[in-house]
Amino acid sequence: MKVENGKATGIRIAYIGGGSRAWAWTFMRDLAMEPTLSGEIALYDIDHQAAENNRIIGTRLSLMPDAQGKWDYRVAQSLGDALTGADFVVISILPGTFDEMEHDVHMPERLGIWQSVGDTAGPGGIIRALRTIPMFREIAEAIRDFAPEAIVINYTNPMTLCVQTLYDVFPQIRAFGCCHEVFSTQELLAKAAQEMLGMEKVCRDEVHVNVLGINHFTWFDAASCRGVDLMPVYRAFVDKHYDEGFDDPAKPWDASPFNCAHRVKFDLFRRYGLIAAAGDRHLAEFMPGDEYLKDPETVRAWKFGLTSVAHRKKDLENRLARSARLVSGEESLPLEPTGEEGIRLMRALCGLDRVVSNVNLPNRGQIEGLPMGAVVETNAVFSKGSIAPVFAGKLPVELEGLVADNLHSCFFVMCAARDGCLEDVVRAFKWSPNVSARNISEAELRRLVSDMVEATRAYLPEGWYYR
Amino acid sequence: MKVENGKATGIRIAYIGGGSRAWAWTFMRDLAMEPTLSGEIALYDIDHQAAENNRIIGTRLSLMPDAQGKWDYRVAQSLGDALTGADFVVISILPGTFDEMEHDVHMPERLGIWQSVGDTAGPGGIIRALRTIPMFREIAEAIRDFAPEAIVINYTNPMTLCVQTLYDVFPQIRAFGCCHEVFSTQELLAKAAQEMLGMEKVCRDEVHVNVLGINHFTWFDAASCRGVDLMPVYRAFVDKHYDEGFDDPAKPWDASPFNCAHRVKFDLFRRYGLIAAAGDRHLAEFMPGDEYLKDPETVRAWKFGLTSVAHRKKDLENRLARSARLVSGEESLPLEPTGEEGIRLMRALCGLDRVVSNVNLPNRGQIEGLPMGAVVETNAVFSKGSIAPVFAGKLPVELEGLVADNLHSCFFVMCAARDGCLEDVVRAFKWSPNVSARNISEAELRRLVSDMVEATRAYLPEGWYYR
Amino acid sequence: MKVENGKATGIRIAYIGGGSRAWAWTFMRDLAMEPTLSGEIALYDIDHQAAENNRIIGTRLSLMPDAQGKWDYRVAQSLGDALTGADFVVISILPGTFDEMEHDVHMPERLGIWQSVGDTAGPGGIIRALRTIPMFREIAEAIRDFAPEAIVINYTNPMTLCVQTLYDVFPQIRAFGCCHEVFSTQELLAKAAQEMLGMEKVCRDEVHVNVLGINHFTWFDAASCRGVDLMPVYRAFVDKHYDEGFDDPAKPWDASPFNCAHRVKFDLFRRYGLIAAAGDRHLAEFMPGDEYLKDPETVRAWKFGLTSVAHRKKDLENRLARSARLVSGEESLPLEPTGEEGIRLMRALCGLDRVVSNVNLPNRGQIEGLPMGAVVETNAVFSKGSIAPVFAGKLPVELEGLVADNLHSCFFVMCAARDGCLEDVVRAFKWSPNVSARNISEAELRRLVSDMVEATRAYLPEGWYYR
Amino acid sequence: MKVENGKATGIRIAYIGGGSRAWAWTFMRDLAMEPTLSGEIALYDIDHQAAENNRIIGTRLSLMPDAQGKWDYRVAQSLGDALTGADFVVISILPGTFDEMEHDVHMPERLGIWQSVGDTAGPGGIIRALRTIPMFREIAEAIRDFAPEAIVINYTNPMTLCVQTLYDVFPQIRAFGCCHEVFSTQELLAKAAQEMLGMEKVCRDEVHVNVLGINHFTWFDAASCRGVDLMPVYRAFVDKHYDEGFDDPAKPWDASPFNCAHRVKFDLFRRYGLIAAAGDRHLAEFMPGDEYLKDPETVRAWKFGLTSVAHRKKDLENRLARSARLVSGEESLPLEPTGEEGIRLMRALCGLDRVVSNVNLPNRGQIEGLPMGAVVETNAVFSKGSIAPVFAGKLPVELEGLVADNLHSCFFVMCAARDGCLEDVVRAFKWSPNVSARNISEAELRRLVSDMVEATRAYLPEGWYYR
C-alpha cells in the first residue's frame, strides 16, 4: 500500500467469506464509490463458486464508468493465499447454513423461548457460536501466520464471541468488530431532532453519542446534535410516541422483520434512562424474562418482528437469483451510498482522515465496571494504523448487571468451544437472559441443549464429548 | 448558554487571572475572531487594575468592526462573583511575582543547578508549586461552591500539580489542562514532512500524533500526515540535522530563550526512539544528570536558551507599556490567529464540533503503567460537554521510569503543600531529575531548600513548620 | 491496655447492643474463661434495662471463683460514653423487633417466596438492611468521632451490608465481620474425616480451609486435615450420604430449624465442586429459583427448616425468663467453651498469638474477579493490631456470577438506604436470588415491596419518599 | 508422598545444585533432625562428583543413630531424572564460578563502585543474573515438562530475577523464593526487646512482623513481640546505639564480612521510619549514591564489610577440604538446628502445620503501589499444598520509588537475558541504584558494561550480539 497525494493505492484486502451475497455487495459498492482508495481484493470462500461470482460482480462494478474506486478482484485458493500480503482483512461469514440456523432459532420455541433474531444471545446465539468459534480459531491462526500486521474488520455474528476468539488465539491481532445497529439509533435521534426541534436535514454523522455496552445491547448515555443536548429531546420524543411507537414511513415496522416501531427501545429508556442503541429485535433478546418475547402476539404488540428463518431462506433465494443476474450482466449493482461505515474507517486507517466511530474491542478500561479483556462496544478514534478506544465511563449498575450476566454466558460458550464439554453449554444457556429468568425444568433444558447441539453436530470439532 | 443554528450565544466565561498580559490577550483575540461563540466574560484578578485594563482592551477588541465574536467584558469583584453562572472557567494566573521566580530559577545555580525554565520540574517548579497549590485549593473550592458544573480550562504552570490540586479538592470537577508545547512539535513534524517529502503547506492539524507522557515531558510514539507514517521520516530528518540542529529561520534559536534548534529533541529521539514533544528548554529539565544543563556553555552548545528572569522582567515591562497603549487606544491587538487551541476546544465543548486534541487529565488508564489518578497528557475527544481521554498505550520502560521518578517528586510536593512539612520539600527535591543524579551534599541541599522556601515564605500558608 | 508477661490487662471493650440475650452471654462466658485478658466492658443498648441486666449477669460471671478472666462491667449512657477510650468495639444489635422481622420473613410467602432465615439475602434481608443501615451509619460516625483507633468486631446481620456501611461512613475504620457459619462446616469436615478415614478426635482448628465468597454464601475450594487433602474425602462422604443426608445425632436436623442434614450442601458440591460453607438454610436463600425453597414440603424433603419468627419469639420468651433467673442469681451461666472464635481473635489482636481465621472485609484483591471494595469473606492473619487478608484466589465463574448478582442487590440496598428511594428497593428485590428467577408480575412485586417497606416504616429515616 | 498419623513419608525431593557445599549441608542437617518427614532426595549437579560427595555425606547423616528424619540419597543423571515424580524441588545453584564472580564484584571498583556483596543489585548482580537466567529458563522448562505440580523452593541469588524467570517461563509453576535475611533482623529485634524491655529468652518466631519490599531490600512497618509493639522499642534502641552500632558479641562485625553492627540499618530507620530487614551489606547496595559505599574506609566507618571474592575463594577451599573429611567419615555434620526455615515450610506444605513466613512471590496485589507480577517479598500463609500471600499494604512513597527504580533495572536485565542485547545491559546499569546517582561518564560506563559482559561471556547463550 502506498499513500500519496491524499490517495491510498495498491491496498490489498483479503475478504474471508468473499462469496457473501449481502455484505460483500455492500462493501464492493462502497469501494467503487470511494475515489481515494484502490488496490486488490482477494475473495476467499469455502463456496468457491460464490467467490467466483462475486469476482465477476466486483470486476463489473469496478469497470463501470462512474466507479471512482478501481479494484482488481481475484479468487483466493486458500486462507493463506488470501491473507499473504494483506493490508486489511474483512471477515463476513455465515457459519453453517440456514438449515442449522433454523434449529438455532426455532427449536427453543418448544419451551416457549421465542427468539427475534437468534444469532447473538440466548440459545440460538450460543449454538451459532459453537459453530463459528472453530472457524474463527482457524482464521485467527491464519492471520497470525500469514498477515500478523494486517488490520482485521469483523462483521460476523455473534460479534462479541467472534472478536473474543480472534484475540484469544492471537493477542497481538489488530482486529475490531463493526456493527451498524448504532447507526440506526443515531438516525432515530436525527429524526427526533427534526421532529421535536425543527432541525433540518440532520444526518447521522451529526449525532454525537457516547457509546457503551456490548454488541446488540449497546447504550448511549449522552447524545447531542449541532450543539443541542438530545437527552431531554429524546425524553419528550419517547413520551410523545410511547404508546403507539414511532413508525418510519420509509420502513414501516410491519413491512419487514428487520424493522421496528422502537417501542421496546422507548420502554427501556423509561426504565433505565439511557438510550438503547440497537434494533428492538436485538434488545428484546437481552432482557431477562419474556416480557417482550412471550409469544408472537406479545411481539406484535411491541411492534417488532420475529425474523423467521423461513423468511431468511426466501430472501436468500432472491439474492441467489440476483447474483445470477449480476454475474450475467443482466442487472448491475447501483452506485449509491449504503450507509455503512467500513470504507470510512478504512480511509482513516490509511491515514486519510481521523474518525470517531463505535467499535467492538477487548476492554482495556474503556468501560469501567466490566471485566478487562471482555469484548465491549464503545467509540474509538481511528487514524493511520490505529484504533484507540475512547473512555466511555460506566453503565448504571442495573445494566452493568445485565451485561455481566450475559458475559458469564459468553464465558461458558468459550469454555464449551475450547473443551467440547456439554455441561458448559448448559451453563451458557442458564446464564443467557432469555433462559435464566423463566420457569424451565432442568430436564427440559438439558434435553433442549442436547437436541440443539445434535442438530449442529456436523459443524462441531471431532472429539466433542458429552458428560 | 444557548446553542442554536450552529452558534452558541450567552456563554458565560469566568477568567481567573483576568489581568494577565499574555494569555488573556491571546484568548481575547481568538474569541474576537470566532464567529460562532458569544457571551460574557467576567475577569477576576487579585490585581484589580490589571483586570480593569483587560476589560477595556477586551471591549475595544469586541467593538472592532472586523470582530466576529461579540463579548461583554466585566470585572468580577470576587471569585464567587466571577464563577456564579459560569459555563467555562479559564485559569491563567502568575503565582507570586517575578521576584519570587527569580529565586526559583537562579538560586539553585549556586549548586550548579542551571534551570532553563524553572516553572515545572526541579527546584524552581517545586517552589513555584508551593506558592500555587494554596491558590488552586481556593479556586477549586470556589468552583465546587459556585460553579460545580462549569468546564474548567487551566493554563497555569506547573500544569501537572495545578490540575492534580483541582481534582484533589473537588473530584467531580470537569477540569483539564491545556498546553501548546505539543503543537510546536507537530509544527516541527510538518516542517520535516515538507523538507523530506516535498509535501506542501502542511498545517499542524494534519499531523496526527499519539500523545503520551506528562506535561512538558510529553512524547509521540506514532505520527502521520496525509496518510504517511512520519516516524521514519523524522528519523531521516534527525539524521540530517543531528549535528547542527534544525534552525527555523522564522524563529532562530538564539533570537529568544523560548526558541531552540531541537538538538535535545533529536538526541532524545536517538536515545528512546520516540519523539519528545515539548520545547528543548522543558525537556532538558526532565533528564537526570546535567548532560544538557551542565553550564551556560553546554546549553549554548545544545542550541537552546536559559530563560533568565531578568529577561522575563524586561519583557513584562514591555507588556505593561503595551497594556497602557492598548487601554488608551493608542495601539490595537491584531485580529490574527494565535495558533492556540483553546477556542477550538470550547467550540467542541459547546457541541459545535467534535475534536481530538491533547490534554492533561487524571489517569484513568489512558496511559498503562503510570499510576491511576496521576495527571498525564494524552489525546482526548472533545464533544458537547465531554472530554473523553483516548487510550494512548504505554511508554517504553525507560521513559516510564523517568516519568515515575518525577511523579514521586510531585507526590512529595503535594504532601508538602498539604502538611507544610519542610522534610517533604527535601524529598521532592531529591526525586526531581535535575537534583537526583548529581553529587550534591545533603547539607548543601537542605540549605538550598531552606533558603528557597524562605524566599517565597510570604506566599505560603501560615502554620508551615520546619522540623 | 497494657500487654505484659503474656497478659493483656486494662482492655476496654465497648459492647454496642450490650443488652443482647444471646451473643452477649456467649461473649461474657468466653471472656470469663480466658485467663490472659482482663479489663472493662461498657454495655450500651437502647434498651437500658437489658444492658443493666447483662451488667449484673456479667459481674456475677466475673466473680465466680472459676472465672479466669476478670472484667468490670458498666452500663454506658450513650454511644460516645461507651466508645471513649475503647480498644475494642463489639457490635451485635437486633435492628427493630421480631414484629418487624415477622413481616420481613413471612410477608413474601404470599407470592410463594419462602425464606428459611430472611436476615441476609432476599426480601427479608433487604428490608432488615433498610432498618439496620441507618443505625450502622450512626455507630460508624460515633466510632470515627470517639474511638477511631479501636478495633471493631461486627456480629450483626446482614453482615455484608453492615460491614459495608461501616467502611462507607468511615473508610479508615479497623472493622471486620465475624461469623460462625464457616466453623460448622469445618466441624462437618472433621466428622467426614473421622467417618471416612478413621481419624480420631479431630477438632475444628485442625481443618485448614481456603475460604472465599460472601457471608452466608461462603465456599471452600481447598480443605485438609492433619496433612490429608479432604476434597476427595468429602466427595466420597457426599456420595455416601447424598440421598439421606448426614444427620448429626447430637443435633438432628428436625430438632431445630437451625439444624440441617446438609443435603443442600451436598447438592451444591455436586453442582459446583466446591464445599459450601454455611448452614443449608442460608445457602438455599442464595440460589436462584425455588429449587430448595418451593414450599414447606420441599424444604422438609431437603431436610432443613424454615426458621419461623414465631419460633424466634418463643425462644425470646425463654431467654427473657432465663435473663431474669440469671439476674436474680437463681441460675448461673456455665463456664464452658462456646465454640466461638471472637476471644481467640481478640487475643491475637492484643499480640498474644497469631491466628488465621475467616473474616468479612472489603475486597482489596483477596478475591479476584469480585469488585474491589465489596465486602467478601476470606481468611485473614490476625496479629497485634492487624487484620491482614490472605489471598483466596477466584471463585468458579458460575459462583462468581451468583455472588455478583447478589452484590448488585446489595448495591441497590445501599442506594435505597442512602437516598430513601423506593425504586432502588424494587431493584434490590429484582437482583436478589430468590426473587430474580421466579415468575412474579411487576405489579405484585411492587405491591410486596411497598407493603414490606410500610411495615418497617417506623425504623426508616424521615424524608424517605416514594416515587 | 503419603501423609498419615502426623508424618509425611515417601516425599520425593529434587535438589538442583545438589553438589552445593553450603546450603545442601544445611538442608540435609535440618532434614535429618526432623522426625515427621522422610523420603528420597535426588541430587542433581553439573558437577557430578560434588553431587556424589553429598550423596555420601547425606547418607551418613541419615544413618546417624540420632538422626530422626530418614532419607535415601541418590545422584540424578539429568534434570529430568531428578524431577520426575518430585513433590518438592529445591534450587540452590552457583551460576558460574568465583572467577566470574571476581569480575562481577571487583571490576566496577575501577569507577569507584564498591560492592559489599555484588550478587543482587548493581553491576555485580546484573552480570550474575545474565549468567543465571539462562540456567533458570532451562530449569523452569524441565519443571514444566517433568514435575509441573511440584512445589519449588528457590535459594539462588539474585532471588528476584530467579523467581521472575521461573514464572515467566512457566506461569503455573508453584514456586517461591526463600531468604533468611529477614530472620536475622527478627533476631535483632529479639535482642532489642531483651535489652530494652528486659524480656527473657525471646526467640525469633515470637517476633511478628509485617514484611514488605523486594528481596534484600525488605522492610518491616510493624513488629511486635509477646503483645508489645516493637516499633517504639526499636526507636529507643536505635537512639541508644546509633553512634557506635550494635555489635553482637557472638558475631562481632569485624570478625567476618557477613556480619555488621547495623549502623546502616539504624540510619535507614531514622530516614524512613521503617525497619530495614536485611544485612547492612545488602541494604547499602540498594541506596542511590555512594553514601555507605564510597570507599573501604567509609564502609569500615559504617561497620560492615566488603565481601571480597578472595575471601569467598578461601572459604571455598576450606569447604572443599571439609567435604573431603565428611565424605571420608573423618568428620561428621553436627545434628544442631541451623536456624533456617525451609524444613518448617515443607512441613506446612505437607499439611502438618500452618505457618506464616516471609517469601518471594509475584505481586498479585500483596504490595499496593508496586507493579503486578513483579516479584516481591511479603508474608504468606503456608498450608497443605498452598502458599497464599498476605496483604502487606504499601511502602512509603520514598521507598516505593527506590524499589521501583530497582525493578526498572530488573526489567532491563530480563530484556537483556531474553534478547541478548547489550544496550539493555547498559540500561539495567543506569537504573541500578549504585550506578544511577553517580557522576560516571557515558563512555566509561559503556566500557565497564562491555568488559564485564566479556568476562562472563562463556556463560552467555550463543547469539548474543552487541549493537
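By written order: A, B, C and D. Residues from 1 in each chain.
The rule is simple: a residue touches a chain if its C-beta (ideal position, glycine included) is under 8 Å from a C-beta of that chain, and two chains touch if they have at least 3 such contacts.
Everything numeric in this text was worked out from a predicted model, so none of it was measured.
The minimal number of chain-to-chain contact steps leading from subunit B to subunit C is 2.
In summary, no chain was found to touch both subunit A and subunit C. With centres computed as the average of Cα coordinates, no chain lies farther from subunit D than A. Each chain gets one centre point, the mean of its Cα atoms, and the points for subunit A and subunit B are 43 Å apart. The mean-CA centres of subunit A and subunit D are about 55 angstrom from one another, to the nearest whole unit.
Distance from the subunit B centre to the subunit D centre is 47 Å, each centre being the mean of its Cα atoms.
In terms of inter-chain touching, the protein chains here make up one closed cycle, each touching precisely two others. Interfaces, counted as pairs of touching chains, are A-B, A-C, B-D, C-D. Interface residues of subunit D facing subunit B in the complex, by the touch rule stated above, are 288, 369, 371, 397-398, 400-401, 404-405, 408, 411-412, 427, 431, 436-439. Here subunit A touches subunit B in the complex through residues 3-6, 8, 208, 210, 222, 224-229, 350-352, 354, 356, 364-366, 368, 379, 381, 383-386, 388-392, going by the rule given at the top.
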